[in-house]
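A, B and C label the chains in the order they appear, each numbered from 1.
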Amino acid sequence: MTETLVPFDEAITRYDPVMGLEIHIELNTATKMFCGCPTEFGAEPNTQTCPVCLALPGALPVVNAKAVESAIRIGLALNCEIAQWCRFARKNYFYPDMPKNFQTSQYDEPIAFDGFVDVEVDGETYRIEIERAHMEEDTGKALHVGGSTGRIHGADYSLVDYNRAGIPLIEIVTRTIEVPADKAPAVARAYVSHVRDLIGGLGVSDVRMDQGSLRADVNLSLKPKGSDTLGTRSETKNVNSFRSVERAVRYEVSRHAGILDAGDKVLQETRHFQEDSGTTSSGREKSDADDYRYFPEPDLAPVSPSREWVEELRATLPEPPAVRRARLQADWGFSDLDMRDTIGAGALDLIVATVEAGTTPQAAKKWWLGEMARRANETGTDLDALGITPEQVAEIQALIDAGRINDKLARSVFDGVIAGEGTAKEVVVGRKLEVVSDDGALGAAVDRAIEADPDAAEKIRAGNLGVAGALIGAVMKEMRGQADAGRVRELILEKLR
Amino acid sequence: MSTRDLTTATADELSQTLAKGDASSVEVTQAHIDRIAAVDGTIHAFLHVDAEGALATAADIDARRSKGEKLHALAGVPIAVKDIVATIGLPTTCGSKILDGWIPPYDATITRHIKAAGLPILGKTNMDEFAMGSSTEHSAYGPTYNPWDITRSPGGSGGGSAAAVAAFEAPLAIGTDTGGSIRQPGALTGTVGVKPTYGGVSRYGLVALASSLDQAGPVTRSVLDAALLHELIGGHDPCDSTSIDGPVPAVVAAARKADVKGLKVGIITELGGDGFQPGVRARFDEAVALLTGAGAEVVEVSLPSLEHALAAYYLVMPSEASSNLARFDAMRYGVRVPPTGNDDPSAEQVMASSRDAGFGDEVKRRIILGTYALSSGYYDAYYGSAQKVRTLIASDFAAAFAKVDVLVSPTSPTTAFELGAKLDDPLSMYLQDVATIPANLVGIPGLSLPIGLADEDRLPVGLQFLAPQKADDRLYNAGAALERLLEEKWGGSLLAQAPELEVAR
Amino acid sequence: MSEPLGISRADVAHLAGLARIDLSDAELDHLATELPSILEYVAAVQQAAGDDVEAMSHPVPVNNVFREDVVRPSLTQDEALAMAPASDQGRFGVPKILGEE
C-alpha cells in the first residue's frame, strides 16, 4: 500500500511519539559465546565454525567467561543491577541462519537490569531508563542469489556463512522513552551515540554501526496528544548510523501519523530502514504465531556472579562520560556551544584522538565539525565511517602549519587520502599541491601580470595599493592557487616601487 | 579358548585372556565379527558394522601389547556403540531417516575415551528413532529382535545394544538412558544396564533427546563389566557444562566388594503393585529375600510423588526434545526433501517438508506434544508444573535415602512383549518406563540386573537398584552381591539359559 | 488461564506450524484424536505442586561453568560443508529465504 506521510512538524502537533530502543552490541571477545571458534571479521566463509556453532547433532555449548565479564561491565556502565543468579533461556523459532533453530539468550532472568543513562540534547539532559541488558548470540549471514545463477533446482536460493553464528551479543533494552515530541529524534540519536561512547570506553566492543558491531532497533508508536492509550508499535531494524536513527524516528512518526489520520490501524511489524531514501519498508508481520516457547537452557549452568567479582569489575570502569566531558571542555577551552556541537556530531573521541596526534583542539574542532561534518552529511555516513582517521587529520594540519599547503589545498589532500592515494604527504606530492614560494617562478608570473595590466601597475606606482589585489589574483590564477599569496604581494610591491 | 568361549566370556575375562596372551585382540574381535555375521541377520542389533576399523584397532593393540606397552584393562576388548553417539567416519543416524548417511566430523567424548583405551568399535547399534520409544520398533531401519524370543521386543530405546550383548555379538555396549533406555532393555534381554548419576558421563557428542534427563552408560553381561566400562567413560568433561567436576565413584572396587551385610535396602511401595506382571513380582520378591538372607536390612519406603512421575516425564522430555530436534532442518546436514507440487519452494517450506518426511510418527507426536507444553499460555500449566513435580520427587528421594542406602524395584512392569503389541497405544508403551523414569527426573543413578525368568513366559525379569546422586558405587556393590547369590543358585549366568540362536551359514 | 484437556485439529495444525513440520491431513486427524488422551494423562501434574514449589531445570545443581576466552581449532571449510545437502562459494546452499530483502 502507498503511505500518506504527514510532515513531522505537523504530526507532532497531534501525536506524541513513544519510543523504545534496542541496541545489540557485538562483543570483541577472541572466541564465540559458546565455543572456541575465532570471531575475526571478514574471514573466508565457514572457516570459523565447529560442531557447536554449526549445531551438529550432539554438540554442547560452554559459556565464554570473558563474555560474561563484558556483560557485567556493560551492565555496570549502564547503572544496572547485576543479577545474583540468572539463567540462559532458549528462544525457539526457525530461521536458516540460526543453526540450532533456537537462539540461546536470556528471558526473564537477564544478567543486568534496572539501569539508566543521561543524554544531552540542546543543553537539556534526558534520563533514558534501561530495562535490561542480557547475553545472547549472533546469527549467521545469508546472501540471496538470483534465479538466473541459481544452482539449486535452478531457482532463487540463498547461501549461508556461519562464521558470525554464535558471536557474543549484549542486547540493551530501554523502557519506553517519552520526551517532548520535537526532541524525540535527537534524543534517540543522542542515546545511541551515548551508549556507543560508553561501551567504546569499556573496550569490550568495536561499536562500529557501519560494520554491525553496534545495531539499533527503533520501536515507535504514536499516541494522540492528551490521551494515554498506547498505539501499535513498529520495530525498525538495520538502522546503520546515528543519523539514520534520527531519520528513522522522523519517518516512522510521519508514517504512523498518516495511517492514524486516515483512520487505519498501524500493523505491528518489523520494518527495514532504507539508508538511501531515508524511509522504512515493511518486513515480517508480527502475530500470535510469534510464540518463542522460552524455557531455561538445560545445557548451560546458571550464572551467579559473586559480589566480589562484580565490585572488582566496577573498579575497572573508566571515568563517567559527564565527568570526562567536563574535563575535556576545560582542557580544550571549548565553549558550552562548542562542546554541545562536538557531542551532537559524535566527534568527541575523534577530536581527542586528533589532539593526541599533535593538533591543537581548535584546529581539530575546525576540521571535524567543519569539513568532515560537511562530507559526512553529503554521504550520509557517520564521522568515524568517512575513511579518514584522526592521525591523518593531524598530519594534514601539520603540513598546513609548516606552510607547505594552505586550507584550500588541504581539502584536495583529504580527497586524495580518502580516495586511498596514500599518506597526506604522498597525496601532496602525487597531486602536486605544494604551495610555490620560490621567487624565480613567482617573479616571472608577477612580471607577466604587470605587463598584462599596465594601468593597474601605474596606479600602484602612484601609491594606490588597493589595486594590488587585482594583480595578486591574476598571479594566483596563473599558479592555480598553489602560490603563497603573501609572498606574491611582497614581490609586486618590490617591483613597483 | 574356543571361538565360542571368546564370545561368551565377560569383558573382565577377555581382558585377562588378552593380558595373559591366551588370545589376541584380533582373534577376539574376529570372533565377534563372525558371530555378528552369523546371528545379526536374525537379531538386527546393528545398523552399521565396521569390521575393518575394529580389526585395525585390534591389530594395533596387539602390536602395542607385544611391545610391552602399558595398556588400559579393556584394551583390545571389542565394544558396540549405540547409534546416538557421534563417531568420526562412522554413520550416526539415531535410527532416523533424517540422518540417513550422516557421518560426524567429530567424536563424542565417550568415543574419545573408548578410542584412547583401544577398544575396537564393532559398529553402531539399533535404537528407537532419536531414542523415543521402549521397544526399538520406532527405528526407521526396522526393529531389533529379542534373542530370548525373536517374536518379541528387546525393549528400547537401546534394544540394539542390549540385544547385541545378550546375543553374544559384543561383550560390551554403550547405551543412553533418558527414561529407562538402558535399564528396561537390560531387563527384557537378561543383561546388565546402568544409568549413572546425571553428569557422571559426558553428554558431549550424544545426540540430545532431553538435555536434563539424558545420560550414557554401560550395557554388559555382568555387574563387574559394567563397572569397568563405567570407569572408562565416566568423569568430568569441560565440553559438557552439566558434567560433574569430581572423581568417578569407585565403581570397580565396589563391584569387587559385593557385600550387602548391613546394607539398608528400601523397597519402593509405589513400584511393584498393580500393573506389574505376576512373574515379575515373584522373581523380585525372591531376589529381595536373597538380599535379606545375605544380611541386608530390607524395609519398605513410600515415595508418594512418584504417582506424578510419568506425567511429568511426558511433559519435560517432549518439551526439551521439541527444541533439541529443531536443528534437524535439512539446511546444514540431513536429508532434504522438497515439498511435492512446488518447484520453487522457500527454505521454510523445505524445512517443513523435510521434517515431515524425515521424522517418524513417534518423533512427530512428541515434538507436537512438547511444542504444546511450551507454548504461551500453557507453559506454566504443563512444562512449569512438570518441573515442579521433579522437585517434589527429589525431596521424596532425599527423605527415603535418609533412611536407606539403596532403593529397589522391578526394572520393568512386564517381561518382553510381542512386537507390535503396544505400537498403537502410546500410553501403554509409555507405562513400560514407570519404574525407570523417576531416576532420570531427579538425576540419581540406577542399575538393572537380571534376576530370573517369569514362570508364565520363561522370559527374563530385571531388578533395579537406585542410589543417591554421586553414590553410583552403592549400585555396583549391591548389584554384584545379588548377581553372585543368583548365579550360585542358577549355577551360571542367566544368559546361559537363553535359547541357541539360528546361525546363518 | 484455561486448562484445555482437549486439543482441536486446528490446534495441532498451529503447533505443526510452530514446529515446522508439514503434517499431512491424515497425520493431523490422527494426532487430533490421539493427543487429547495423552494430554488428559499428563495434565495431572497441574494439581500436583503448589506455587511454593521450586521448578527444577537442572537435576544436579552447578553454577558458573565457564571456559576461558581462548581460540580452539575450528573445522575446515570442507569439513563444515561435507554433509551439506547443497553448497556453493564456500557457503551452505539453502532454498530462498523469505522475509529477506
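Simple rule for what comes next: contacts are C-beta pairs under 8 Å (C-beta built on N, C-alpha and C of every residue); 3 or more make two chains touch, one makes a residue touch a chain.
The shown structure was predicted, so the numbers you read here are calculated from the model rather than taken from an experiment.
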{"item": "Best-connected chain pair, where connection means C-beta pairs in contact", "value": "B-C"}
{"item": "Longest centre-to-centre distance from subunit C, chain (CA-based)", "value": "A"}
{"item": "Separation of mean Cα positions, subunit C and subunit A [Å, integer]", "value": "37"}
{"item": "Whole-Å separation of chain centres (CA-atom averages), subunit B against subunit C", "value": "24"}
{"item": "Distance between the centres, which are taken as Cα means, of subunit B and subunit A, whole angstrom", "value": "56"}
{"item": "Residue list for subunit C, restricted to those that touch at least two other chains", "value": "18, 20, 57-58, 62, 65, 67, 75, 80, 86, 92, 94-97"}
{"item": "Per-residue overlap in subunit B, given as positions that touch at least 2 other chains", "value": "102, 105, 212, 238, 241-242, 322, 326, 329, 331-333, 338, 344, 347-348, 351, 371, 375"}
{"item": "Junction residues of subunit A, two or more chains touched", "value": "51, 54, 62-63, 94, 96, 101, 155-156, 158, 160, 162, 291, 293, 295, 298, 300-301"}
{"item": "Touching residues (chain side subunit B, partner subunit C) in the complex", "value": "102-103, 105, 197-199, 212-213, 238, 241-242, 244-245, 305, 307-308, 310-312, 314-315, 322, 326, 329-336, 338-339, 344-353, 355-356, 359, 361, 364-365, 367-369, 371-373, 375, 377-378, 380-382, 384-392, 394, 426-427, 441-443, 469"}
{"item": "For the subunit B and subunit A complex, residues of the former touching the latter", "value": "84-86, 92, 94, 99, 102, 104-106, 108, 203-208, 210-212, 238-242, 319-320, 322-323, 326-329, 331-333, 338, 343-344, 347-348, 351, 371, 374-376, 379, 383"}
{"item": "Subunit C residues within the subunit B interface of the complex", "value": "1-3, 7, 11-12, 15-16, 18-24, 27, 31, 34-35, 37-39, 41-46, 48-49, 53-60, 62, 65, 67, 75, 79-80, 82-86, 92, 94-98"}
{"item": "Residues of subunit A that touch subunit C when the two form their complex", "value": "29-31, 35-38, 44-51, 54, 62-68, 85, 87, 94-97, 101, 142-145, 151-152, 155-162, 272, 281, 283-284, 289, 291, 293, 295-296, 298, 300-305"}
{"item": "Contact footprint of subunit B on subunit A as seen in their complex", "value": "51, 54-63, 90, 92, 94, 96, 99-102, 153, 155-156, 158, 160, 162, 291, 293-295, 298-301"}
